[in-house]
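Take a look at the structure set out below.
In this document, chain identifiers A, B, C and D correspond to the written order of the chains, with residue numbering beginning at 1 in each.
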């Protein structure tokens, strides 16, 4: 009985891996030196009990094993020589930078999220930046390009391919993906290293919007592409 | 019997109008001189038989009466002194500008859509630009800001509020909305003057993504806000 | 005799002030709440003995009394309710972000200037930011807009008028002025709160390039415009 | 006697060429497929009798043989497989897009220069675009990147190196050079295919500002670098 279970599991594994390889093989191989993993808002506010968005994201984060996948992605990417870029968000205490009181910014203002120099905006311990990583400065809005030096640094370093991971799938991740596509990057979205406020929104975004502006892949599929 | 029907209809009308007014009244009034309607890709390729995206968009365009609503929006906006901006898309014959062969650009390349100086990229007769309208130049990608002079012209004219209408709801319209929000505009999305490839995608986008980056309104609700 | 001298001096003073007032009166008055002073690189690297650009800038800084003028501008601007924005520059220790080894960036790389978290990149004590000031993050290149959240914050705060001060007149100050003009701001350049590597370059830039993209004024003339 | 003159001339030629080669050899060779020549405002308004800026630019245009050099640059660049990009400027008849009435835009507004669909904004006959050239759309302001699809098209085509030529040396050419440098391009400025309003301004700009943001070269020196 145990044998049968094992066989079925192995069969599923093989099926999974061959699917992954197949999906990945349609895409061109890319060079590690021209590639970056862009980590959006892996901060306590998002991922740890007490964080203002923790409860909201928890169901999808847990179900898809997002934090463990992120740790795995980053470790293997560093080994391959891919640059890791951290893009945290924060606001000055008085949140003067948020402006208009509607949409995502209005929400941030109303709950007082992402205050600078607090526990909340610290990057989670599991992903503490190491020497060689790049910290992108300036993020005050959904698009990781719009208010930061991300584009400048990517160009200066000669990076052409970016793999986007983080939160929230249909908010910051999606805005960043759209902006990266528009700027001519070869864009990959990490389907198992992103999370939305519900699985329905996660699934819709991955299925309907990711393919229009990126190559949606699991982090394992993505890593197979990098030489 | 006819009386009853009339009463019900009047009741529904009142209900509709009071809802609209209520929704609109929560928002601040805006000045016509600081407001623009941004029309994205009202071109034959999208809206007329023979256009390469006509069949794809037809169900939602028809169901929501999008072209008639656009004509109504533009006529009433002009009367109020709101600036009308047309943002057509086109590519040189050899489509050299599209670049990467994936996502939306890959689709455009593969079907040869939006060729410059053809019937396909002509703005539909119903919305032919008139004196006083502005034609935005340069669009080669989803975001109406990314490759055009839209932001420059809006700033030069002192415009703060923009109402976005056009195609495709979850592609160009959504990218433009996200980019406009990021740039600090007071953004309105016209729920009845936009269309996606299916009603399900239209509904999801309006419900889940529009409110994060804009005030989603019908064109009648929007016009009520403008002084 | 002393009386005569005094009279002449008073006459010159009057002449000077009336000229200033005259120059300023041709321009429209502006609102403090819509105005920011943008301070570019008032850091030890530029202004204090031991800073890598100190000797280079010293002659013009001293001759034009730039640091004292900056302190005066900032104090009076704060009193009037004008927002003060600090735009420091820095690089990670390994200067990975600089990219190409030519031009201004090549110079920075070769001398190892502006290293993050050092005395060199600290804002000078005379201009330490206070509560209410905004620190603009991300600057890695000459234009204070190009790699920062400056444009985002200005838009979010509804600021239309900016007065640019700092270093170097024909490098970062000029790039920022050109970029601000392009983005539709009402741009003022502070002729007595900027310094170049020589008086000849300072004079040429103020005379030939500032008027094409800004209103060049002394800081006193600028302050007279703000209500 | 004639022989002596010939010898002297040959000597000067050799000297010139060896200098050019020397200057060029310090720089890395570049690939034609990754290179574009960006032609700024080679329009009748600038270069032909009757054009509003003709008289102003004539002395430097004539002295430096700018139009003949441009024709030579373009012909040889096309032969090598370098992409030619034309960046004309124009405004709608009512010049609504210019905005603020100061600086360069104020001048354009006051003299009514660069009106769309007139002889004035036509590209000069000597440089009429041919198949394979790219026309950049949208230019309404000095920087050829700020209000156009230039950056989008360069990225989409994978172009890394740009050689900037045209008018006016310290206005549009310089703003474009600064913006290109900021965006990470390998920037070349054509010292003998640009013109300012006076030789003094031309010389200052080439000597003091071009080297901070580009490799200033004659068009012959530039062509030697391209493989």
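Observations on the model:
Throughout what follows, a contact is a pair of C-beta atoms (placed from the backbone, for glycine too) under 8 Å apart; a residue touches a chain by one contact, two chains touch by 3 or more.
Everything numeric here is computed off the predicted structure, so don't read it as measured data.
Comparing chain pairs C-D and B-C by the number of C-beta pairs in contact, the larger count belongs to C-D. Rounded to a multiple of 5, the Cα-based rotation taking chain A onto chain B is 180 degrees. With each centre defined as the average position of its C-alpha atoms, the distance from chain C to chain D rounds to 30 Å.
Work out the mean CA point of chain B and of chain C, and you get 41 Å between them. In chain D, 99-100, 105, 141, 146-147, 152, 155-156, 182-184 are the positions where the chain touches two or more neighbouring chains simultaneously.
Contact residues of chain B toward chain D in the complex are 92, 96-100, 134-141, 146-149, 151-153, 155-158. Those residues of chain B that touch chain C in the complex are listed here as 152, 155-156, 182-184. The touching residues of chain C, counted against chain D in their complex, run 99-100, 102-105, 141-143, 146-147, 170-171, 174-175, 178-179, 181-184, 186-187, 201, 204, 208-209, 211-215.
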